[in-house]
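These are the structures in question, set out in turn.
There are two complexes below, and they share chain A, which is joined by chain B in the first and by chain C in the second.
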Partner chain A sequence: MEKVMVLLRKAPYGSVYSAEAFRTIMGIAVFEMDICVGFADDGVYTIVKDQNPEKLDMKPLGDGFPMLADFGVSRFIVHKESLSERGLSTKDLVLEVETADSEQFSEIIEEYGRLLPF
Partner chain B sequence: MKMGVMVLEGPYQHQAVDSAINFIKAALKRGHEIVGVFLYTDGVNNINKYINPPGERNISKELSELGKNGIDIVACTACSKFRGLRPDLKVENVRQSGLGSLADYLRSADRFVSFGD
Partner chain C sequence: MLYTVNDSSITSNSLDSLVRFAPKGSPILFYEDGVYNTIAGSRDEKKVAAVLEDHPVFALDADLEARGIKKIIPGIQVIGYDGFVELVEEQDVAPWL
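After this line comes the complex of A and B, so read on.
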């Protein structure tokens, strides 16, 4: 099974990148690939609990991520420093994740080989 | 080596598509194979046939030229609909298709390179 890592680096609202990353994961997961989802920089906000973007006429993006397990996507990695720099911990997130420091994070990117950065 | 390419930005605002075109040309020159180019989000705007920059490089023409030389260039259908890029507005030698094409490129490529912001 081909390995692919989708990396979310940007804040969930204000641009389309995080939403498109989610669509990409859904779109390629049906082709039975080994998909890992990474969150770094402002991308960590994508899976923070209690998002209320309705006033922006957007749907809460975080809600979709726990459902990805049903599509065979079950590995989620969060860049540890990105989380702590923003005063967040894994308890603030909508799903269970692995955390990785910068070195571990780059090792995982290398392990997956094919990277789709958003 | 087999390579797949994705472009996430449109023409002239970002360098992404220019870098992608240069990368593809350089890779072909060195004997690598490009399995396909997936134009995603604003990247779909790069194949508008009415692009007409006076005295500057014509990005949609350059992509059409690559397509003519056998490179599979796909613009995401859904993204095209969002942006009003009707099929009749695209240059020749490129096509519109879905994320299945991206999945195909990911599976058939040894390396996958993304160009974005």
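After this line comes the complex of A and C, so read on.
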């Protein structure tokens, strides 16, 4: 099975990157690939609970991620330091994730070989 | 002048730069991704607390709600678009992009 890692490093709403990452994951999930979704730096904000961008006239981005399991996407990795330096823990996130320190995170990037950056 | 910040101090130097230039007492507003600077327990909480000693600090509620931010650093005043408009009417604006 082909492997690919999608890496989110940007905050949601301030730019289109996170929304486009989600669209890309949906798009490639139909090809039955082994997809890993990684969150580092401001990308960890994408999956914070209780997002409500109604006043910005936008759709909540975090809510979509738990549903990706229905499309066979079930490996989610969060960079531990990115989370902690932002005052967040895995309890603040919308889905169950694996956490990885910098070394483990880069090993996963190497393992997947193909990286789609957002 | 009202100084406005729209990105997070962890990924941008806007806030560091701003505090170097903004005169004591001038109000600072966090909006868009700038509201990430308000999170209690974050790496830069002390930096923001120091800013609060010298400036009134505001954060826009729509951007906080959008991003699911609930625990904010004490002393930061949450305002709506109406409050934003009042601040802009009271003084000129220096957007620290």
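Basically, the second predicted complex is superposed on the first by the 118 of 118 C-alpha atoms of A that agree within 3 Å, B and C clash if a C-alpha of one lies under 4 Å from a C-alpha of the other, contacts with A are read in each partner's own complex, and residues count from 1 in each chain.
Basically, a residue touches a chain if its C-beta (ideal position, glycine included) is under 8 Å from a C-beta of that chain, and two chains touch if they have at least 3 such contacts.
Keep in mind that this is a model prediction, so the values were computed, not measured.
Engineer: Which holds for A:62: it touches chain B only (first), chain C only (second), both, or neither?
Structural biologist: second
Engineer: I'd like to know which partner A:33 touches here: chain B for first, chain C for second, both or neither.
Structural biologist: So A:33 only meets chain B here.
Engineer: Quick one: classify A:2 as touching chain B (first), chain C (second), both or neither.
Structural biologist: first
Engineer: By the touch definition at the top of the document, which applies to A:115: first (chain B), second (chain C), both, or neither?
Structural biologist: In the superposed model, A:115 contacts chain B only, not chain C.
Engineer: Is it chain B or chain C that touches the larger share of residues in chain A?
Structural biologist: Comparing touch counts on chain A for chain B and chain C gives C.
Engineer: Contacts for A:12 in the overlay, against chain B (first) and chain C (second): which applies, first, second, both or neither?
Structural biologist: Touch partner of A:12: chain C, not chain B.
Engineer: Of the partners chain B and chain C, which touch A:24 in the superposed model: first, second, both, neither?
Structural biologist: First partner only, chain B.
Engineer: Does chain B (first) or chain C (second) touch A:43, or do both, or does neither?
Structural biologist: After superposing on A, A:43 lies clear of both chain B and chain C.
Engineer: Which parts of chain A are touched by chain B and by chain C alike?
Structural biologist: On chain A, the chain B and chain C contacts do not overlap at all.
Engineer: Which part of chain C faces chain A closely enough to touch in the complex?
Structural biologist: The touching residues are 6-8, 10-11, 32-33, 36, 39-43, 45, 61-63, 65-71.
Engineer: Residue numbers of chain B touching chain A in their complex, please.
Structural biologist: 4, 6, 8, 40-41, 78, 98-100, 102-103, 106-107, 109, 111-112, 114, 116
Engineer: If we count contacts the way the header does, which residues on chain A are in touch with chain B in the complex?
Structural biologist: Going by the criterion above, the answer is residues 2, 4, 16-17, 20, 23-24, 27-28, 30-31, 33, 113-118.
Engineer: Going by the contact rule set out above, which residues of chain A touch chain C in the complex?
Structural biologist: 11-14, 41-42, 45, 48-56, 58, 62, 85-88, 92
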